[in-house]
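I am attaching a structure below and will ask some questions about it afterwards.
A, B, C and D are the chain letters, set down in written order, and residue numbers restart from 1 in every chain.
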């Protein structure tokens, strides 16, 4: 196993109804994306607490992406609208503290958008990899 | 600590082809809490499930992790397996190592490595799982239908037919709604009254149905199966149970100049009135704004002539409180106001009318007794111009009209044009349209007949301006196909006004905590799969309150909503989804933040007495989640600043444990 | 410098106590050196006459105390509220944090409060007393023979220099004249930081937050932080921590704290006032306020009771998180 | 008495730093000062004192005690204690020097705290006499002479020179290494300066504050003093006073799960916190009043009772300056036990 090769660690929070199904569809269609992306299933994107995002960075994630239903299509009618506001505010704050913008993203992926899911993950992984290791929100205690 | 069993599925070669399943089950054996780990060809097969059951027994497992396909595929299967083995079904977690691993990664090493991590995350989660039991709540076996148009009528009849009591709340003095105002109905041209009024009578005679006419819903509390509703029965100054509907009072009422709503103000009615002959209930109503007796105590004629003694000038609004298990919204539609469409001279000329007014003009019970006469001079019009899409599909001028298609106008305009040509063949009929939209059984045939058999002149193009000049209406229009401007001297112009939800819908939606779209149409729980349910459990949608629709569609939706209601009322108890939010009252601030983001109105507040550590007591406001209403989205959990609100099955600690496991 | 005097407030307080309208008074208690004022619960006119003060160092926002005091004390509490305090007062009412019936709120005008650090920067160390005289402050120190005369305007606290409102949005009774909502330059410093490169911003905050000793003064003084149990004190929250163990923990605490009060923070500035390490914490809150104003329309928390905070609200047309940066068209 | 010309101060620092890490008060951009490590060009702050006390050097706010490494179901215990190197803390004021004595009582009596002891053994303290005490200073109340601080080396700063005197072997060893930069100085300059400072000390507003009403054995008398209610009424329960205090020594031991193991560390705790002293059965201090009382009773009664009359306050005045509500030990001493102090 190559030890030195840098591989970003990406946590993807996917809502159960659209994006997780979109990820499944990507799988059904055998659309490849980096194995660095690890998906956590949540009922709705609005379940994602900023604390989870910071926790992921603390534990060594290099990028965190939140995927939900397209605005207007939320299974719970309005969850992703709250996600949209919360994350806009949070990401802007992280940027204000000088954390790299490309480490966080929100993307709307429907259950039909397997291709979009794979493309999004490829793109995000690439952008995060370009930034290199997350240094600005790391917790050295959690390093191996 | 849990005793976790890990079951890695090969899914034939689907997983085993890119994931070393043996290595995965070996690696996961060492995870904290894991006491058993195995792999098998098809975990979901009968044999695979038996293997799980046997392991649960043999290793006294308290939690199960299945590394297999997507939980969307087989989570339910494995939950049932767990239940069959005596475990709580919610002690199962799935690691998706097929769709999100073996199928998207080609390299065995990569796939195996990721599968192990996904397995660890599922183990970390299941270690924090707790058995969940769905809550149960009783069902009040009575339905409320709000709105007594054809949608409400059909829904009520169908529910009553299944044996459940139903109440209809109608704000007008009679049920019937818009359909009662129509003349003929497309595409079969039956007379609307002929098919509607028998249904109205059925409603009146049905023992299971109560009609609260001239009434409004003022308050809704509770949740699916258990709504508490307040209905305001407005004073009609006539004792409903005594009035025989003989009409003597109406005849003698000296106040005769009240614009008649039923005929859209094209003629007058009395201060005491019965909207139309077949009204249900056939009971008189006094218009308090017009009645001299009510306004200044001078008159009292109706009381004198009423043989039954039904008149009661002292009657007061009455509040009725009732419990319901289900609520059907059937609040219907109205044509939009033509105020903003001055280019069509609607306010300037009586001979520019809306299509609904045209219905009344051609109706035998209408202001002209069914003769097509111009409202201005009572003459027979020889040239009629129908303008379609007035305020519909108005993307460019959203402040004026509606962006959406009103759906019914193409067909009723074809009907109007056809009927006109049929009755009055000497009439020139023009229809200006953007597109003639005729999807529906026998719809296009109907439209073709109007064009081909009845010689209606369909012109693709819009009317730019209508100018009244003498007794003519100068219509300026464009013909987009011939690419030329047209000038038509018309005697009558009929505007196919866009339709919009009734104004009462918005406040009602707030009471019901049911969501609406930006146009104030009620939102369905799912646009395709749950089209007659509101996202708010126990609230169902019938008819045009959910979107523009014609009568056949309305009736079918009404039936569908009724069947959903019947399905609900047929249950003695409702079993909920146990993955719902719950609030830790010791940490709750009672700040109402969660309530504001809950799309279902599942959160209420109570004042609760707490014993403080210093042995004093303190009364604090705390949130209570109704598990029967909560759908488990989790919006409240993030809105809550203190973290008092958490979501069963997706607890903060569980999600963080997954994050930790993945980021290890 | 303050237009309203101690005597006026004292008279009002004594009258309300005497009439039985209120049973106690939440006011400012005298300190040792003229600037070290302590919020105090006065129960009698005698206590008031002995210890009550009012002046340029009475910056404490009493609103938060109402959460606990209305629960613990019998009868109505008289509370003096400066214009900025009334916003916190309303916000707490919006969140049902205290019983309005148990409070008698007297709005008092405020000419801005002084920052003792600024006073020391001019008058030097060793301040033994400070006396207000018109627009001046006379500062007596151990090291100067004569009192040092300072223009009160020169030592205004930052939050008062950038005062957002002289208008009281809540009171039972108002002493003095009502003021107006002001145009302030309070977002200028945020804008200055926004204009920096991410590296500069990171360096700025790394330096500031590294000073944090996690004393929780910012949280405990904050009128928006009234949680029955703070997530940072809750061992089950997953983020509980008592110390700024490293730079991550420092950021985590301040990001989450600012996020939790986002849309609820009235920008009263108590966090920065109480920080023993002079970390400009208000800038984090103002960043959220500025963003909310720009993204979702102007919103002032506490301006009216019952308002729906922007982060628990939405429109279908809201901007996307990814557009947050595009719209400013800055360097990434 | 040795002296070093002030223009050679940086050279002196450089020389110290050759052999040991040197920490000294450094100005922050916001007007406060903190201890920081000297590197070339680092200026010694003119501030009277730092916001955070130097107790951090021996009793850091966060300190790892041990680690556990987990792999699968295996746990490995790792001792993180390492022999530390000598370091010099320069510029410590009399009050803070005294605080080390108090901390020693806590950490160096049996059972000895090996973490503290290790650092204490390797730390060399260069104290500096005060010249411009602040209004908040009241070290005199606890018998501390601000002009004559203890420590391994005592320093006095005059207009042009720094006078140094070794008090201990560690101190002498340090000064020996600096001999190249030092010359013999007369006591007169120091004496004159001390006199000047004493005149200011005599004028301090808190000069009359005494400990007469306090000390061991006063529990019964003071515990139920009615004044505690009013004094604690508006306490926010934050930890500012305890965290800036040079003598507060309470800590909590916590485990941090790193994902790959556990770090067991200790961190400062505060008796002002509602969770403090919470045990399985609950908390024995139920209200802020009780927590508030505990802090002052501990400093003024319980500690002296157990430590030969030694109070655990040194009068540094940090809590006076930093408490968000300006409630502090002075206000308490003036109200409790009938001590009006004026």
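Following the convention adopted for this analysis, contacts are C-beta pairs under 8 Å (C-beta built on N, C-alpha and C of every residue); 3 or more make two chains touch, one makes a residue touch a chain.
Computed from a predicted structure; not experimentally measured.
S.K.: Considering only chains that satisfy the touch condition with subunit C, which of them also satisfy it with subunit D?
M.R.: A, B
S.K.: Sort out for me whether A-B or B-C is joined by the greater number of C-beta contact pairs.
M.R.: A-B
S.K.: Could you please state the distance in Å, as a whole number, between where the Cα atoms of subunit A are centred and where those of subunit D are centred?
M.R.: Their C-alpha centroids are separated by 46 Å.
S.K.: Could you put a whole-Å number on the gap between the CA centroids of subunit A and subunit B?
M.R.: Chain centroid spacing, subunit A to subunit B, equals 34 Å.
S.K.: I'd like the Å distance between the centres of subunit B and subunit D, where a centre is the mean of that chain's Cα atoms.
M.R.: Result: the chain centres lie 69 Å from each other.
S.K.: What are the residues of subunit D that contact at least two other chains?
M.R.: Only 256, 259-260 qualify.
S.K.: Specify, in ascending order, the residues of subunit A that touch 2 or more different other chains.
M.R.: 50-51, 55, 59-60, 78, 82, 86, 139, 141-142
S.K.: For subunit B, jot down the residues that touch at least 2 other chains.
M.R.: Touching at least two other chains: 597, 639, 652, 656, 660, 663-664.
S.K.: Going by the touch rule set out above, what shape does the chain contact graph take here: line, ring, star, complete or other?
M.R.: Here the contact pattern is complete, since every chain touches every other one.
S.K.: Where on subunit C does subunit A make contact in their complex?
M.R.: 190, 193-194, 198-206, 231, 237-239, 245-246, 248-249, 251-252, 255-256, 258-259, 262, 284, 287-288, 291-292, 295-296, 310-316, 318-325, 332
S.K.: Which residues of subunit D touch subunit A in the complex?
M.R.: By the definition above, subunit D touches subunit A via 256, 258-260, 263.
S.K.: Help me check something: in the complex, which residues belonging to subunit B touch subunit D?
M.R.: 30-32, 612-615, 660-661, 663-664
S.K.: Show which residues of subunit A lie in contact with subunit D when the two form their complex.
M.R.: The touching residues are 59-60, 139, 141-142, 144.
S.K.: So in the complex, the part of subunit B that touches subunit C is made up of which residues?
M.R.: Residues 518, 586-593, 596-597, 605, 616, 618, 620-621, 639, 641-644, 652-653, 656 of subunit B touch subunit C in their complex.
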